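In the two complexes that follow, chain A is the common piece, with chain B as its partner first and chain C second.
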Partner chain A sequence: MATPKEMLTTWDKIQFGAVLPSFEDPEKKIRSKFHSYNYKVADWRVEKPVYNRDLCIDCDFCWVACPDSCFEVEEVVNKRGKKQAKIVGINYNLCKGCGVCVDVCPTPIKSLLMFPEQIDNQEALNQWPKKEDK
Partner chain B sequence: MAQKYELKSKEVWDGNTAAAHALRQAQVDVVAAYPITPSTPIVQTYAQFLADGYVDGEFVKVESEHSAMSACVGAAAAGGRVATATSSQGYALMVEVLYQASGMRLPIVMTVVNRALASPLNIHGDHGDLYLGRDAGWIHLIANNPQEAYDMTLCAFKIAEDSRVRLPVTTNQDGFLVSHTAQVVEPLQDEDAYKFIGDYKPLNPLLDTKNPVTHGAQTEEEWHFEHKATQHKALMESKSVIEEVFNEFEKLTGRKYNLVESYKIEDADIALIVMGSAYETAMIAVDRAREEGIKVGLVMPRSFRPFPYNEVAEKLANVKAIAALDRNSPMGAMGALYNEVAGALAANGQNAVMTNYIYGLGGRDTTAEHILEVIKETNKNAEAGKRVTDLQGFINLRGPKLSFN
Partner chain C sequence: MKNIGNLKEFACTPDRFQGGHRLCPGCAHSMIVREVVNATDDDLVVSTATGCLEVCTSIYPYTSWDVSWIHIGFENAAAAISGVEAMYNALSRKDRLYNEDRKVKFVAFGGDGGTYDIGFQSLSGATERGHDFLYVCLDNENYANTGGQRSSATPIGAHTSTTPRGRVSYGEKQRKKDLTMIMAAHGCPYVATAVPGTKHWKDLAQKAAKALSTVGPTFINALSPCTTEWKFKPEETVEIADLAVETCAFPLYEIEDGHKLTITYRPKQKIPIEEYLGRQGRFAHLFKPENKWVIEEWQKNVDAYWEYLQRREEAGV
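Coming up: the complex of A and B.
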């Protein structure tokens, strides 16, 4: 992973107009060193999002909204036989803890919630709010 | 498809109309502008052209000049040919975004009509706004009459969009003296003008969703210096591109422009440096002085930025005394033209006696008689071989004589 020091270059090789390309090869989707996937911001985090697979409906809103490409997905075939991206977890090396994913999560009880950085993920899942009996 | 505008080989246009027609012929994609005297008719006329079907583009109405230039930056980053116009206070409000536009290397063209900066409030011409934008990283071209306002605006697109430059350009004309004075202009036909400028070639456009890019990145102490140095290099080296474009324009129209314009400088003993509409007034004064036996010539940098140091020094190689005429209140120093020219001479080991004159602030009239007076004073320095007149004088200022030494 590129760090700011490794990204240093000389004036004659600098990115034109400070324009940073996301891909080295857009056709083959080869990410450039400027792509947020290759830039660690995990140490900015004071709170982390925790993901609850049991409540998730795979709407992929979090995957779209995440500014740091944190959401890990795998391709699955759904009930209607169509390909779908299934959210499987969060890459905590990339997550800066902005909380946008929690904001966009549409399930009645959120499938993503922010917890203090030091708390164990299993412990966080145990603390998850329950559906109230009526 | 935009309709063709019927143009005669000679039209009677003021500077504003001339600039508006140049914007129309460039088929600008986006104009975002806020009206301000005396540049209002440029965007007003352009909006009328658009409404009448002579342009395929967007006119964005905004709530201030800061927004106007911001919208221009956005549209240019998105990948369009972009232009706007402003003057004076509007220019001042844009300044923050002018630096963004040049740093992001967006080839925006702005047709500036020069007007004094408040306070006291004044709507007439001086170079206060031009000098304000001096360090903003834009190319600044000077037009002395409506024909040049038209020609410079066409050239501005070609210079700005050149792959070796990719910097924003302003074209400057004096408020009212050029912008509202109708003269004969020989325009190009629409297709010839567009062919000269050529199709816009987007570079790293935001709207290319197949190849996403980040514009307006932050660079701290490890990177900022390198970016600014690259930008400065592009500006310094744009001189050769400006000359190339001027040469190409000459082939098309027969009208020859140079990085440094001059009048009767070849055999001159003394020279005046002056930019803008006063250059043409000074031509009359030069002719009269020559009738009286004073060998005087004129020099004008056609591009204020990049400043053609060596070319100016070359023109002034044989003169003994020089007066630099600045149409801006220098506020605690010599005028910018004085400083630039003095630096250019010093760098080339030339030591003509130099003086500075401030003239025409807030649209104050400067006549051939006034300039003849300056020529006679400068001639005294040439004859004495040293400075015997005041270092900084004021032309056509009411009251007791004001000068600084």
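Coming up: the complex of A and C.
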């Protein structure tokens, strides 16, 4: 990944009608170095969301509500033969730690929770609140 | 028209608006934009008026858009997109299109400053000329990009940097301009209001798909809660947007052919407006005893407007 400094030219070297191509290869969907997908906004956040695969019901609410498109989905075919999106994980390069995903998560014990940035993901999963026995 | 199924199917669409942009954490702009650009399978040409969205998604040398995108001034997003559409039609008449099999749709995004105030002349002109495009207004009720000045979308009582609260002032003095009805009066084939979020995502996506498949100028007014200037916590964006609908401060409806109004969502029980105002820091001063009358005025306006919408839907004119 090129640093912004390498890519940035001065204002007098920008050509008129310059185009920033989003894709290196549009057919294979390979994103170019000009795409903000390859930029890191990770240093904006103080707390990070941690995703718990075991509790997730794949409602995709977090996907539609995430302002930064950080939820990576994978297309799978369900039992009825319909395609559906399965949440795979969070792209921590793009996440700004706003917490919208935790707010919209509908499961009884949230499958997304905010943890301090320095905690390891596995450690966070061990600290997850357990279901109360009645 | 793309069939918007359930959310699980919708999430399979390849994202055409990616992250890595520099919008504030919890900004609703990107939620709306993603749903609109994903609501069609056709190719898109997007023009964006100057504003938060334009500034944050296209910081040189990065772009967040997977679709063709034009940067344009504050006042002429609609003029630019109507020019592109006219050019496309001219080329297709002369059989000089790059790829004839693929359909192209035209979308313009503008903030409320670029739509309600500065860009209104070009939007009105493009609508009057009858170009085939969709204009989406991302309405965050102030000039958020330049530090939160008032715009004509700012509702009564709101604290902004040019209508500050104080000992004498209670904030913005004027009521919000009803742009959706003004656009309907232009005779647009399709005009609608929408909010982002999880509860009304399908409403927004369906409206976008319908607007994109309609021939002629179409307009969507989308409420975009602004975490920085409305002064609430970033994670509450979706809750605030839902509250705006539940209190009928921002009712969801659509108008076809300039007159046929349909209310697309009716709250089961209308919540008092204090719930919506109390969650936002910009209305905190309204809860002082001397400013109570502004809240009463709010409630009165909201009730009257909701009543008007229902009557108009019943009448069907």
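The definition used in the following text is that the second predicted complex is superposed on the first by the 95 of 134 C-alpha atoms of A that agree within 3 Å, B and C clash if a C-alpha of one lies under 4 Å from a C-alpha of the other, contacts with A are read in each partner's own complex, and residues count from 1 in each chain.
Note that in this section a residue touches a chain if its C-beta (ideal position, glycine included) is under 8 Å from a C-beta of that chain, and two chains touch if they have at least 3 such contacts.
Bear in mind the structure is a predicted one, so any value in this text is a computation, not a measurement.
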| item | value |
| --- | --- |
| Which of chain B and chain C A:Leu20 touches, first, second, both or neither | both |
| Which superposed partner A:Phe34 touches (first chain B, second chain C, both, neither) | both |
| Greater chain A contact set [chain C / chain B] | C |
| Set intersection of chain A contacts, chain C complex versus chain B complex | 4, 8-9, 14, 20, 22-23, 34 |
| Footprint of chain B on chain A - complex, ascending | 4-5, 8-12, 14-23, 26, 34 |
| Chain C partner contacts - residues on chain A that touch it in the complex | 4, 7-9, 14, 20, 22-23, 29, 31, 34-41, 44-45, 58-61, 63-70, 73, 75, 82-85, 91, 93-94, 96-100, 102-104 |
| Contacting residues of chain B [partner chain A, same complex] | 103-106, 166, 203-204, 210-217, 219, 222-223, 225-227, 229-230, 233 |
| Residue numbers on chain C that touch chain A, as the complex places them | 7-12, 14-15, 17-23, 25-31, 34-35, 57, 59-66, 196-198, 201, 227, 233-239 |
